[in-house]
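Each of the next two complexes has chain A plus one other chain: chain B in the first, chain C in the second.
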Partner chain A sequence: MTEFAIQTQDLQYRPGPGFEIRDLSLRVREGAIYGFLGPNGAGKTTTIQLLLGLRRAQGGSMRILGREAPRELPRILSATGYVPERPHLYTYLTVAQAIRYHGAFYERFDWAYAEDLRRGFQLPQGASISRLSKGEVGKLLILLVLAQRPDLLVLDEPTDGLDPVVRRDVLTALLDFCAQRAATVFISSHLVHELERICDWIGVMDRGRLTAELPMHAFKNGIKRIRLAHAPSLVGDTPFTLVSRESSGLDVVWVVRGWQPPMVQWFQGVGAEILEVVDLDLEEGFVELLRGARSAQAI
Partner chain B sequence: MFKQVLFAQWLSSRLALALLSVLAFALPLVSVFYGSDIATVGRGSLGEWLVVTDRVAQVLPFFAVLVGALLGVLAWTYDIAGRHVYALSLPVPRAVFVALRFGAGTVLALVPSAALAAGAAVASLAVQLPPGVRAYPLELSVRFTLATLTVYAIIFALASASRRGQLAIIGAISAAILLDLGLLAFGASFSVTAETLNALTTWPGPLSILVGRWALFDV
Partner chain C sequence: MCVSVSVHQYTNERPGAAMFHHIDPRSPIPLYVQIASRLRLAIATGEIAPAMPLPSVRQLAAEIRVNPATVVQSYRDLERDGFIESRQGAGTFVRNLAEPRRSSERQREARRLVRELVAEASGLGITTAEIEQAWKNETEGRR
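Our next item is the complex of A and B:
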């Protein structure tokens, strides 16, 4: 086994003018629950599709579960559970038929576990998928991928549009599975607070580029909004990453990443006075991170 | 795995298959609609009867095209609707999945063929033929099966092709028609479309099975 469940190097993909995935280098550690954040159109779904061979990258390399993609794709997919952004199951099948169909393709498919999950999710065996509610389809998709007993779960907005009760059921089943098997989870979502609760790593995607990739604790604790007096106008080498800065009356507000308390000394060294250090929650940090990345691109 | 693909494909196309099978069974029977005791009728009536059966037989190649085309399209309908995401995310090489789909469709295509064979057999047994006239239920059934499978294979390949591939085929056909119009404007007697169709429908062209005589009863 390798250290990373997913590792890409300088991945390139340009489906047409106006959008491209550029120099994408992802590193998802084995056993991690990796939250893949980004605004609409950032390239999250495209990245997932590239990882799973649904689209062909035009450059770069990928290793998934220690295997080279897309060359060893069938072997990778046999150990990967995928929940796409839009449900992809054949809608004319019933729940039981969909389970039998899906399970036939996976050697490790756990039929007893699938049945347990079906009962737990209260999915009627004979109901046609076309007649299931959105929440029930979401549960069925999670059931199918968990019963595969995968080493890697790739979930593209798995709880999008689900009500809070269903969302909780789905995430509970997911976390139970991860606790049992130490599987790696790569989950993209718009719901920042949801990821904050379950993820231990985070990657932020914007306009086809990976803007940040760091442990969740570093993201949550390391992003600060600092109000300064006498802030330097030119910033040279800093022990942190300056995400953004803006004037607020006489003061200046900096948003920094990689903050640690001893860095106070750096400000004293440049003659600035720290008036206030504010913790940002994940959503605020995410927004500031995107804002900083976009203004840097604009420059 | 194949069993599940076959079952799923059967579920998605069972209504069409049932309807096609009923039609396939009924078509040969139409040949004997005009009476079952042909041995006793006069020469003129026999000739008339053979003309009618021949007309019914002429429908069969078109019916084979319909069955093959419908099954070829139905094999991919739900995958196309889902942009092939489910199929491509399954842990089998693409070629294997295509083979599974093709195999399942082939098995299903045999259902209307079997119905036609049964209908042809019943029709053959239902009439007392005069000397010199023979029934060819087996030959007709084999021909129908081969024609159905040929058309199914072509439509299956077209339906599974990428959008770029499909556009290339449509482009080639359009170019041939435009070229013909150009040739026609210059008074040329050569037609690319006609020559291509001729090559396809003349032995050993793949569609040659569709032309020629399709007769259940003949001398």
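Our next item is the complex of A and C:
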């Protein structure tokens, strides 16, 4: 077993003018719950499709679950549970038929566990999928992949459009599975608050590039909004990364990345006074990071 | 802000999701620290009695919707600090702590609450004298 469940090196993919995935190097540790963040159109779904062989990368290399992709994809996919962005179920099947159909593809499919989940989710066996609510379809999709007992779960917006009660049920089932089994979860979502609770690693995509990849605690603690008086107008070397700055009245607000408390000394050195250091939560940190990355590109 | 420092009677209920309503994923304090602090206090106040089993990692993670690794880390810290012990195959149990230890833990939490209150008040421009006056008014007759 390797240390990384997913490892890509300089993936390149350019389906046409206007969009490309460039130099994508992802590292997803085994056993991590990895939150894959990014605005709409950043390339999250495309990346997932590249990983799972649904699109072919034009350059770079990938290893998934210790195997080379796409060469060893069948072996990789047999141990991977994938919930795509749009449901892929045959709507003329019943719940029980869908479970039998899906399960038939997977050697390790755990029929008893599937039945437990079905009861827990209160999905009627005989109900036709065409008659299920959106929430019930969401539950059925997660049931199918969990019962595969996969080593890797790839979930593309698994709770998008579901109501809070269903979201909670789906996440609870997912976490219960993770606690039983050291599976790796790669979860893409723009519901940032949801990820904040469960993820231990964060990757941020923007415009086809990975702009950040770090442990959740580093992400959350490293990004701060600092309100300053007498801020220097010219900034030379800083011990942190200056993500953005703006002034509001007499005060100047800097957003910095890679912050550590001893860095207050740097401000004393340049004659600035720190009025306030504000912690950012994941969502604010995410927004600031994207803003910073975009203004840097614009320059 | 709610400041209630009361000593609970022992109950025989397992700590459930309700105990963790106040954990805040958006806070810069890591979730595992928040969970451990909450349990530490519950043990110190007697909210969870000695020898009571804690929920399994699997149960608690699913119930409060956090990463199982987070719960593992909380339990590890609590065990290191002598609040709980895990017995192979049987689960994790609350240890019987001497009263001085429990009292010092409650005092620690009290200091934390006051520090938070003072910081918040000073941020809002309320003076220490005003807080002290308000404190007296609120706590009178409660002792």
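Descriptive notes on the structure:
Everything below uses one rule, namely that the second predicted complex is superposed on the first by the 299 of 299 C-alpha atoms of A that agree within 3 Å, B and C clash if a C-alpha of one lies under 4 Å from a C-alpha of the other, contacts with A are read in each partner's own complex, and residues count from 1 in each chain.
Methods note: a residue touches a chain if its C-beta (ideal position, glycine included) is under 8 Å from a C-beta of that chain, and two chains touch if they have at least 3 such contacts.
Keep in mind it's a predicted model, so treat the numbers as computed, not measured.
When the shared chain is aligned, chain B comes close enough to touch A:Gly53, but chain C does not. Legend: residue contacts after superposition of the two complexes on their common chain; A:Asp279 is shown touching chain C, with no touch to chain B. Of the two partner chains placed around the shared chain by superposition, neither chain B nor chain C is touched by A:Glu20. In the overlay built on the shared chain, the residue A:Glu136 is in contact with neither chain B nor chain C.
Of the two partner chains, neither chain B nor chain C is touched by A:Asp151. In the superposition on chain A, A:Leu175 makes contact with chain C only, while chain B stays out of contact range. In the superposition on chain A, A:Arg75 makes contact with chain B only, not with chain C. In the superposition on chain A, A:Tyr106 makes contact with chain B only, not with chain C.
The residues of chain A shared by its contacts with chain B and with chain C come to none at all. Every residue of chain A that touches chain C in the complex is listed here, in rising order: 31, 33, 168, 171-173, 175-176, 178-180, 193, 196-200, 217, 220-221, 279, 281-283.
Interface of chain B with chain A (complex): residues 1, 3-5, 7-8, 11-12, 78, 82, 85-86, 88-93. Within the complex, the chain A residues that touch chain B are 52-54, 73-78, 80, 82, 84, 86, 88-93, 97, 100-101, 104-106.
Listing the residues of chain C that touch chain A in their complex gives 25-28, 30-31, 56-58, 61-63, 65-71.
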